[in-house]
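In what follows, chain A forms one complex with chain B and a second complex with chain C.
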Partner chain A sequence: MHTTQSNTYPGTVGAAEAVAPAREVAAAETQSTIFLWMLTTVALFVILALLGIYMRLTQGGALVGLRSWFYPMMTLHGVGMAGLWFVGSMACACEALRKHVRASSAVAVFALAGTVVGVVLLLVSVFLGRFAAGWYFLYPLPLLGEWPAWSAATFLTSLTVLGATWLIWSLDVLRAVAERYSLSNALGWHYLRGETEPAVPPAVIIVTVSMIANVVALVSGVIVLVLFYFELLTGRPSDALLMKNLTFLFGHTLVNLAMYLALAVVYDALPVYAGRPWKANKIVAISWNSVLLIVLLAYFHHLYMDFVQPGALQYIGQVASYAASLPAAIVTIFGALLLVYHAPMRWSLPAVLFFLGLLGWAVGGIGAVIDSTIVANVRLHNTLWVPAHFHTYMLAGFAIIGGYFYHCGRQSAKADISEPIGRYQAVLLSWILAGAVGFLAMFYWAGAYSVPRRYSGYPIELAHGTTYALWAGIFASIFLLAAVLCLIDVMGSWRKQAPVRADDRLGAPSPIGAPAAARAEE
Partner chain B sequence: MVRVSAACLLAVLAVTAGAGAEPPAAVSRAEGRLLNRSVPDIPLRLADGRTVALSSLWQDKPLLVTFFYAQCHGICTPFLAWVRDAVRDIGGLGSDYRVLALSFDDTDGAADLRAQAEALDVGGNPDWLFATADREAIARITNALDFWYRLDPATGQYDHPALLAAVDDGRVMRAVLGSPGAAGRFRELARELRGRYIAAYTLPNQVLWRCFSFDPATGRLAMDWGLVILGVPAFTAATLTFGLFRRGPRRG
Partner chain C sequence: MLAAPAWAQDAQSEADEGRALFDEKCVVCHTNGGGDHIGPDLAGVLDRRPREWVARFILEPDRVIAGGDSVALELLKKYNGIEMPNAGLSAEDVEEIIDYLAGTPGAAAQAPPPRAREAQPPPEMLLAQASILYTFLAISVIIVAVFTFVALSTRGPAASVDIARAYQLRRVLFVIALILVASLLVATMPQSPYARAGTTADRVVYVAARQYEFVFSEEPIVTAEDIARSRRIASLELAPGELVEFRVTSLDVTHGFGIYGPERQLLAQTQAMPGYVNRLIVRPERTGPYLALCMEYCAGGHHLMSVPFTVESATPVASHRPTSSLTAN
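After this line comes the complex of A and B, so read on.
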């Protein structure tokens, strides 16, 4: 049952060296911040999820007395979760890249500190200033709301701190990649020419693509903030169309990249459990390079309702939305399926979470493609269908992040990472899955039945929205309770653990048919 | 590389800025608030003595509604004259829309209305309608369109603004509030009445870096500086990426 341990990838069955090269870059020289990121991510996730439950229960009529806090909490929940998803994915991707490139330890610590400062400012603007312009602070709402001017200024300062921090972080990651690879190799262009050397890990290609797109997104955010400040100082208004384009080039791209960075982690870590390498090739290079171009145009689907946006851009938005989801999704999901097919797969907690993440990505992706179709978007855009699909994505992303934290914890504790998922973990995952499916289904159904989003309560004509919201709050509570227990388990993975009792293992046939270790020994 | 890129960017800036036509006047917040506002169907007394429902006037084509009163020594006549001239300039009266000049002074009689029409040289034109209504009906429609008026006892004159509202099927599709303005604003309004949708910005001042400008004379959109700004993030990212990778991988 027990498997051979490798110096580089404990728990893998001799295939570690094939799975990924040993740490060519001295990891000891770069400080890992993954443990601190895990603590930050877990704490904020629980708090922000509680706010989400509060919102759904308020919409469900259960917390009507607290309704005046709905929009400030909607703002905090939205900005917080989107930002948390991004930094969580970014931290995991940076950790995965430590095997290959040497990023700056100082910048990594600076990124963590800057993020904490930004979050504190955000909390001040929302809790003390009741800032409530929504998570994408659409112009000119932040300047026109009933909240005090200082809370809007604090909110914008918070975004400035976060944006500047993440921009420096992204540029440092790019710098680190540039020290090891040429741009052509880092983007896998040599695969396009039919060359196979040098072998570039897929995670490096994905992170390079993501960081370049991320600079585009963050510079867009910087321009939006500069224009906000300019108006605050001079009273000169900005063009609403320009501001909306820039805001979604920033926000939509950033959350897409949060998913892509999480996928880089799957490319890096899943082979450890499959005992097979997941190598880059021409198909992987084509798909991710196409993503670099397309992901920057997909945000146009957020502006379908904007009559002043030229029609041609709307059609580009639809095509780009389809195209952005297809290459990366098909290549990644089929790649992952092929990776585990007939492989000596060890279905430990991270491997299961990675697959659940990919599953969620596929489901959310279908929801997104439907929503990005212009004729459907006319019906769905202002309904709960939109939060349905991005909550699916986000939960998928957090599943991968959680799995990777566990993976890192087990490696750090020098524990057996091939240990199959325990009975307790399986039960928790079942409850998480049931809670998540119920919670998301309420969103999808409500969206399909035209329940509008961003309503703190529903009028009598939309009474069915109240029912969906109440059930969603119940399902989300189940999800969060199970998720907290699972996260305690994830954090516990960092401790040196006593040997696991044999009767606490599922041990029996793994999900693909035969005991993992037995197949490994074959 | 960077210099060439910068030169290209500047060239694009210059070309697109030059292509920008005169931007349309901003729609004020007060005008913006009127958009899509429902107009009450009130009974009208026309200058020819007939009584009709207001809704009957917008049944087959949109209606331009403006307010006046016959004894006005102020803005009423100049504003009506501006509307008349703009209608003649742009065309479409009768085929695309008709005009209703509604007196908010319920003491105005049919003779006063006809005199006003004659003074403007539109008397007898079936698509130029002059009318009044009873006090309660006038209050309903002026309230609905945020049009205020108050009598100054010292002069016997009403203080009031000037308003021109384009009404289609009972709802306001565009409004022009204020003194006689540039013909461009009326052109926008007339194009809307003909079924075109014209971008409207409800910002009070001159806007910084628009993405597009609409030329009401030609009906065309032109790219403006804002679109160039939209390209800055990608340009910056490309420059930084090439800058970081320029030295190549570190050997050894």
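After this line comes the complex of A and C, so read on.
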């Protein structure tokens, strides 16, 4: 049994980091904060996914009485899921880095507080103000919808709070990384020069790359918001094309980074289950450094159908989108498969989730690469193909985040993380998978049939879109039901094994701040 | 011609004025007997509501709603929370419109039956669309197969794998992928829609998008006032094989202009962005009913924003006439 050995698998993180610092924190405390964390994420996920089901059912012609809420709920679902995904990945990445790097706990608490404030403002603008400009609030729609001006202002304020908070959070992570490794080493540049010391774990390289791109993304998001305020105050309009470029530099990059952070987590944890190390080397360093450049250029594919955009940028968009897939497939996916190939693999729940997560990332990535081909984009732009591909890898990302929560929870409880997945869970997982595949297949199918995205109901010419939507709603319900049952089972078994001192935890600051706060006392 | 009594003539000309106003300011959202659109069908509205209420609502819908009028709030809820805008009409304008609405029971009968359009079974997928879908499916199946293969390999664990061989395989894969990507780029980029930018089209059609309609015109439309002034194309007809350039812009938010052919699938699209003109050049080959749908979310009426047009041979081939069904709404 590799009960306690497993989290310090020799070589996992490179020679110099072979042994994680001993954690003498009260295991129960860390575990219960992680437990709280999971609960919050899970609860939000379930609520937001229910909104998703509501949307598909509405598009499917059911629930017409509630149709007028479609667009506000679409906005809430989009911002909520993207935000939850980002925060979840950030949290997991910070947790993965904890072995190597110490980020400020005060900033983590601040990040949580800011996120809560932002979410409250978001809920006010959507539920009371019926704000509905969609998750990327394309200029100038927020100022010209059927919702009142105050709700647009509240929404923009909400995003400003979130953006500023996350910017500070990212900068703090960067600071902590730079303190420990120096920025150039953390980017693995010494590997490029042929040096092998100091050994930098891949997770650190990925997180550093992501945080730098993230700062660029958030800054451009903040610029967009400032230009919105400027117009609100002075009435001087902005340039729509410039605003769209900034918006997608922000939105596209942010969402991609969340996936990279999830991958960092896989680099950190999958070796534990494979019983083999996954080290950084020159190739890993090259690949992730090129990702930094490429990901910032790929966003141009969101503007393919704006023919006034300079042509060169359009082509750069396609080249960059293709190029982004190479390091991903050849280094990360290949590396992960090599790690698992003929490995003494322990297929416990997290291992299965990580593996499925990578699979989903690969499939969704193919959907994205196809869509980023300009000729294909003519047929796919803003059809349901777009939500099809991003739901594929976002669901994959949540599989990874979920797996990592489980992994950390069991580890901090010093529980056996190697027990293979149980029969009941395996059955539920198959239902989850079947539901997800069906739900996604309807998106892809309808997208290929040119059914537009973001329609609360379909015109009669596209009546078949209604049928796909209804089926998707049914599949998504199966997915969600099985997922909830699985979560209940997991949490139940946790409780039995290591009872959470709920009384202590009630006043705990936060899912997001708490682990960091707890770790500061280590 | 037999003269109608003076009072009737007055009413008649009022109604004509009203009709013009209605066509200018209201048809974006309402029909008179053509079925519900973004707002309710206004045929018979004077039977359902007191005339004073209707007048007040048309005059200042914003204040009626803000005042918490229960009928208005009920309607607001029913129509997706889209508030009817204040059109800035005078009291006389409103009276004229009401006369028009009151005096034309015939309008409902003349208009094509609103819900004559019937849902049809899904069309056969176009070649472009089908190749996209099947390429995706094929690659996905390969990915799933590789993952399954690797997962199954763990049933026979080996102490170590031959890293050197693995890296060699990776190099080979990398080169293959690079060649694949490069040739795809070379093959597809020349076909991008921007490549046609220099061509001169046989026909230029100006398209102005606004919440929630597309306006076709022979002349550029830059502001909402231009719509009334310019030579508007009420029903657009194109000839098959003709090279057509749509000059697309928007008067408010960003919209999309997506062309759906008789197969009811996308043939081409571009964005309609305020302050910019996107030039979309297409050569429609197939004759039949076409439809442009809005491809960029533009608030509550987005899914209702569409405009039909037709592609027909100049020689009148009666059988190709689109049924009136496609022009409703």
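Please note the rule applied: the second predicted complex is superposed on the first by the 451 of 522 C-alpha atoms of A that agree within 3 Å, B and C clash if a C-alpha of one lies under 4 Å from a C-alpha of the other, contacts with A are read in each partner's own complex, and residues count from 1 in each chain.
As a working rule, a residue touches a chain if its C-beta (ideal position, glycine included) is under 8 Å from a C-beta of that chain, and two chains touch if they have at least 3 such contacts.
Quick caveat: nothing in here was measured; it's all calculated off a predicted structure.
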item: Combined model on chain A: chain C and chain B, fit or clash; value: clash
item: Chain B versus chain C, judged by how many residues of chain A each one touches; value: C
item: First, second, both or neither for A:376, with chain B first and chain C second; value: second
item: Partner chain(s) touched by A:241 [first = chain B, second = chain C, both, neither]; value: both
item: Touched partner set for A:219, first chain B, second chain C, both or neither; value: first
item: Touched partner set for A:282, first chain B, second chain C, both or neither; value: neither
item: First (chain B), second (chain C), both or neither touched by A:445; value: second
item: Which of chain B and chain C A:307 touches, first, second, both or neither; value: both
item: Segment of chain B intruding into chain C (one of 171-179, 207-215, 225-233 or 243-251); value: 171-179
item: Touching both chain B and chain C, residues of chain A; value: 140, 237, 239-241, 307-308
item: Footprint of chain A on chain C - complex, ascending; value: 77-83, 117-122, 125, 128-130, 132-133, 135-136, 139-140, 143-144, 146-147, 150-151, 153-154, 156-158, 161, 166, 170, 173-174, 177-178, 181, 184-185, 188-189, 191-194, 197, 211, 252-254, 256, 258, 260, 264-266, 268-271, 273-280, 291, 293-300, 302-304, 306
item: Residues of chain A defined as touching chain C within the complex; value: 67-68, 70-71, 130, 132-134, 138-141, 144-147, 237, 239-241, 244, 305-308, 311, 314-315, 318-319, 322-323, 325-326, 329-330, 334, 337-338, 340-345, 347, 355, 358-359, 362-363, 366-367, 370, 373-376, 378-383, 444-445, 448-450, 452-464
item: Chain B residues within the chain A interface of the complex; value: 197, 199, 201, 203-212, 221, 226-227, 229-230, 232-234, 236-237, 240-242, 244-245, 247-250
item: Residues of chain A defined as touching chain B within the complex; value: 140, 171, 174-175, 178-183, 185-186, 212-213, 215-217, 219-220, 223, 227, 230-231, 235-242, 245-246, 249, 296, 307-308, 310
